[in-house]
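There are two complexes below, and they share chain A, which is joined by chain B in the first and by chain C in the second.
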Partner chain A sequence: MARSVTTQRKIINTAAAWSIGFLIFFPILWTILTSFKTEATAIADPPVFLAFDWTLENYEVVLERSNYARFLWNSIFIAGGSTLLGLIVAIPAAWSMAFVPSRRTKDILLWMLSTKMLPAVGVLYPIYLMFIKLGLLDNRIGLTIVIMLINLPIIVWMLYTYFREIPGEILEAARMDGATLKSEILYVLTPMAVPGIASTLLLNFILAWNEAFWTLNLTAAKAAPLTAFIASYSSPEGLFYAKLSAASTMAIAPILILGWFSQKQLVRGLTFGAVK
Partner chain B sequence: MNLTMPLRFTSIAAILAANAAFAETTITIATVNNGDMIRMQGLTEDFTAKNPDIKLEWVTLEENVLRQRVTQDIAAKGGQFDVMTIGTYEVPIWGAQDWLVSLNDLPAEWDKDDILPAIRGGLTVDGELYAAPFYGESSMVMYRKDLMADAGMEMPEAPTWDEIAKAAEAMTDKEKGIYGICLRGKAGWGENMAFLSAMANSYGARWFDEDWKPQFDTEEWAATLNTYMDLMNNYGPPGASTNGFNENLSLFQQGKCGMWIDATVAASFVTNPTDSTVAEHVGFALAPDNGLGKRGNWLWAWSLAIPAGSDATDEAKKFVAWATSKEYTALVAENEGWANVPPGTRTSLYENEEYKKVPFAEMTLNSINSADPTNPTVDPVPYTGVQFVAIPEFAGIATQVGQEFSAALAGQQSVEDALAKAQSLTAEEMEAAGY
Partner chain C sequence: MGQIILEKVSKTFGDVEVIPPLDLTIEDGEFTVFVGPSGCGKSTLLRLIAGLEDMSSGTLKIDGEDATHVPPAKRGLAMVFQSYALYPHMSVRKNIAFPMRMAGVDKAEQDRRIEQAAAALNLTDYLERRPGQLSGGQRQRVAIGRAIVREPEAFLFDEPLSNLDAALRVGMRLEISELHKRLETTMIYVTHDQVEAMTMADKIVVLRAGHIEQVGSPLELYHKPRNSFVAGFIGSPKMNLIEGPEAAKHNAHSIGIRPEHIDVTDSGGQWQGRVAVAEHLGSDTFFHIHDTGLAETITVRATGEVGFRHGDTIHLTPRQDQIHRFDASGLRVE
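And now, the complex of A and B:
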């Protein structure tokens, strides 16, 4: 009897999980479906779910009109570069805060987080003027640095949380065995924190990939990533929803595939230390 | 191989000369995503073939993002763009600030005098033309001829607001999902306030009197807003307070609106049988009036301008002259047909026999000609602009006023409250701005 209750509960839980998952995924699914419709079918009322004449016309138009490869390369460069740069800065910072805390460590952590509370538009003009002076407008390297700085508090916080879970005695033992600071971080700490570092890397890559405020404001033709590619298909005077959906699908496809293949690492990293 | 000294010099000089001859200048063009602009991007081979030393880079953005982006760039002298797509609101303000390059010296064959006077007036400051119009638009009534016939009515070519209300009532059949009239309700200076400011002109209302005092406490504004609310509450679609151009276009194309008063550019969409289920039933009329000599239609021109910070002014001028020329119009007609040429900018287009055959051509021209940006309403005003006031503060103020009016349409407050709030917030902002 007890077993049947458990099975029933399992079924309910599974059904609930799938329903919630479907609900969350539905907007993305709808975007993908719309990308294969004609503009007329895209706005049909009542909406058509699957029974429509599937067409690749929107993708053809988008590929003809835009240099997708350039936008894609810019996205990979900016998201990848800012994430790696962020990790290089954040790993030593998180190490020192986790293993050699000072009286001010908690204040510094809170201060870092508080920078995320400032609306981005509040610093747009100063950063824009600095970029003009430094010749960094519409430049991939400039944008990589800005996005790294924007996401740095999150990277430091995440790594700090993971590092805190690692017993300090292990590092002490390494030191007693004569490990230098560099070898301690590289050969002892990093391998133990791989799941945490991997999930931090993935999450930040996704955040950087999706960042739309700075990428739209600091780029023009050369350094614009896929967020600008999507924005170029939005129009308040004209119903181009199918083409916009095709552009959106092409922009999210790489990150969706990456997320799909790395979901185990993502979940493991995000729940690391949650249950003891 | 041994070359003699003179020969070496000659070879190097020849290589340098060849490089100089093919030195490429890149011009970056910021533009909006609409049918005419996208069509132009597809036809630029004609320009680059004639100007092999000029390379074009496009930055296409949604209208509101583009406006914010180019404003920021021009104010900070970022120099990101060599050609900007801006409207009749920005040109007088930016021109007066010397942020734009004068286009008075465009070649004679570009034929400045051929530009429609109403459009040219909106793009000129102190005798200097600061932008070349790419396409112009006004607003007009688009209506369902079949529904009017079913109701035993006929739409006058120049209707009054009373006639519009009667037609809306006659065509409304809520059980069948048909609403007599669809109008903009979404808040924004370029959304509901574009429509309402133009409508207010036909009621003799003004944004400001000659001393820059806000006028929302007048009978004219009360009459405007009450008529709008009555029309929308009785004959409009549900949820109209969030409807903008695209939402109404979608409703009209699906046969759910008896009438739609909006941009003339919509005519080509609603008469296109590929996308519109009512394409063959659409008729056009001038925007309504109230017998006061002014109609409720606006005037807008998406135009190409060159920011003062551009380092490729000459090349940018060549491009602007090409994109807004009579030859470009002919190129579009040859490739895509006369119905697809950018409308509303040149007198010669409306004298063209082929273009006269396009069903909405005459109504578009009449609508544009009936708008006067320098004298928009019945009484004198200290500003230019039909559906806007060409001062930098307007966009912010009108967006807030638009939110109050949209809230009234959503039933969250009364017309009186919305007007009172509009009056006080406008007075406050104008005082803070030093008027």
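And now, the complex of A and C:
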């Protein structure tokens, strides 16, 4: 790629990239700004951008009205738990599909991915009934399991593509060198796959954190995570834009910070191992 | 001791029989080369010996012991792969130490063997580097180093030089030959390059479609190929194979004559043709000759510089004592 790029072109590209980036980020920025406005300023027409009286009252009200810590803990529990559980199931699955594939491996992979094409609401009814029977409604563990299962195809696929990048000959070399299956995985495979496992973990954590459909439908008060916390401020009657924004900001802040510090791994994860 | 005996060993993948049952004995200390066109099963055969593939039937004996169901690591064999298969996250030192670490060799002994191997392979200055920081030739030497320190019964090489450029390949070929002379350990070497086979081997095993076509020393294969396939495969440029009336004169279905066994003159030869391409190397001159009425192209290798050019008429005389005769099934007729 020894293509020479003129300075002018560089400036245009940079400007375009920043504009698009700003456009995408704008709703989040607007939410954050609104959270510092009064309810009246929040719906002012024309809208006020920066020149308003900054206030923390929305945060005070939200913190007073709801138990933020509990929602936060539920989010961490569900996102973290479903990610770890998913990895425990997906790592061996992806190992076997990548290194000892059978004739059906490709079909299984496609079939798994096809479940992601199903509208989630299509299985809501059976899952809801199962949850009632098992007494798992509004239960953190139940939700963790469902979200793990929902994201499992993505985890398996991602790990599978990463593992496929590891040349089989290196594993065979380890086998010839006297490594047992355990040492092969411990000393050769895992160190080589660490970047892939890290990106998978991060992306899955974010997906689970943002999951709203199942959390809203399967929880009430006890097990509700931050997505439910936001939803509780979105009421059709009454004007609570500023409070809704404050709740949203508090819900997305942890994941936004996590995402900021792990950009590199995330980008690698989102390209599904296609870019080396 | 590293004698390897294969008895009725076969391999099938699903319904496809890649290697029909075959027998082969590799003597201790021998440098054996498996050679054949791509897809002939030579790598599969090596992987069966290594234990990286399971045999469909038959027995493998290493050093007189049945090793058919012994896992790869316990067979006492070391393998050098085409892609080198180094561990990218480990330094050269750790790569070479890995098999010893797995075997629980104590640290002092590990270091002694690493220093020794590194000195022999010119790697002493590179021990702390990662494989990614090495050239292709150096990586290959690390792979060989990793094999040496195990002090194996036998070395297995799977096309180890095919990722290297031509100049480096000649150098590494010599290094591996020297290594064999020094260690006197059994080596099995897979290649599709018949020059590598001819220059390195004590014994060549020519394979086609999983069948052993011939086993013999390089010169046996050159002088007495068992069939027309081996005749065409061993030797460079390829032997000319001629069918039809000219072969009938020799009482054969086809005859073969190597390019270096045809004399060229500008008149009075037994055959004549037109020079299509003349390759002047200085030491030799190769002619690709058309319109001989014998075969589409006859290749001739003349020693030194011979002045025929494209389009010239050329006269050819085969040396009668160097004509190989084959029957209709391609088998050699004495």
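The working rule: the second predicted complex is superposed on the first by the 262 of 276 C-alpha atoms of A that agree within 3 Å, B and C clash if a C-alpha of one lies under 4 Å from a C-alpha of the other, contacts with A are read in each partner's own complex, and residues count from 1 in each chain.
The rule is simple: contacts are C-beta pairs under 8 Å (C-beta built on N, C-alpha and C of every residue); 3 or more make two chains touch, one makes a residue touch a chain.
Values in this document were obtained by computation on a predicted structure and should not be read as measured data.
Trainee: What does the overlay on chain A give for chain B and chain C, a clash or a fit?
Mentor: fit
Trainee: Of the two partners chain B and chain C, indicate the one touching more residues belonging to chain A.
Mentor: Counting residues of chain A touched by each partner, the higher count goes to B.
Trainee: Which partner does A:234 reach: the first (chain B), the second (chain C), both, or neither?
Mentor: first
Trainee: Have a look at where A:39 lands relative to chain B and chain C in the superposition and call it first, second, both or neither.
Mentor: In the superposed model, A:39 contacts chain B only, not chain C.
Trainee: Considering only C-alpha centres, what angle arises at chain A between the directions to chain B and chain C, nearest 10 degrees?
Mentor: That angle rounds to 150 degrees.
Trainee: Check the residue A:175 against both partner chains and state whether it touches chain B (first), chain C (second), both, or neither.
Mentor: After superposition on chain A, A:175 lies in contact with chain C alone.
Trainee: For A:57, decide between first (touching chain B), second (touching chain C), both and neither.
Mentor: Neither: A:57 stays clear of chain B and chain C.
Trainee: Please provide the least distance in Å between a C-alpha atom of chain B and a C-alpha atom of chain C in the combined superposition.
Mentor: Closest C-alpha pair between chain B and chain C: 51 Å.
Trainee: Determine where on chain A the residues touched by chain B overlap those touched by chain C, and list them.
Mentor: none
Trainee: Under the definition above, what is the set of chain C residues touching chain A in their complex?
Mentor: Against chain A, the touching part of chain C is residues 50, 52, 71-74, 77-79, 81-83, 85-89, 98-99, 102-103, 146, 150.
Trainee: Touching chain B in the complex: which residues of chain A?
Mentor: 38-40, 43-45, 65, 124-125, 128-129, 132, 137-138, 216-217, 220-222, 224, 228, 231-240
Trainee: Along chain A, where are the residues that touch chain C in the complex?
Mentor: Residue list for chain A touching chain C: 167, 169-170, 172-180, 183, 187-188, 191-192.
Trainee: Hey, which residues of chain B end up touching chain A in the complex?
Mentor: Contacts found on chain B: 28, 30, 32-35, 38, 41-42, 57-65, 69, 72, 76-81, 244-246, 249-250, 253-254, 256, 263, 265, 269, 274-275.
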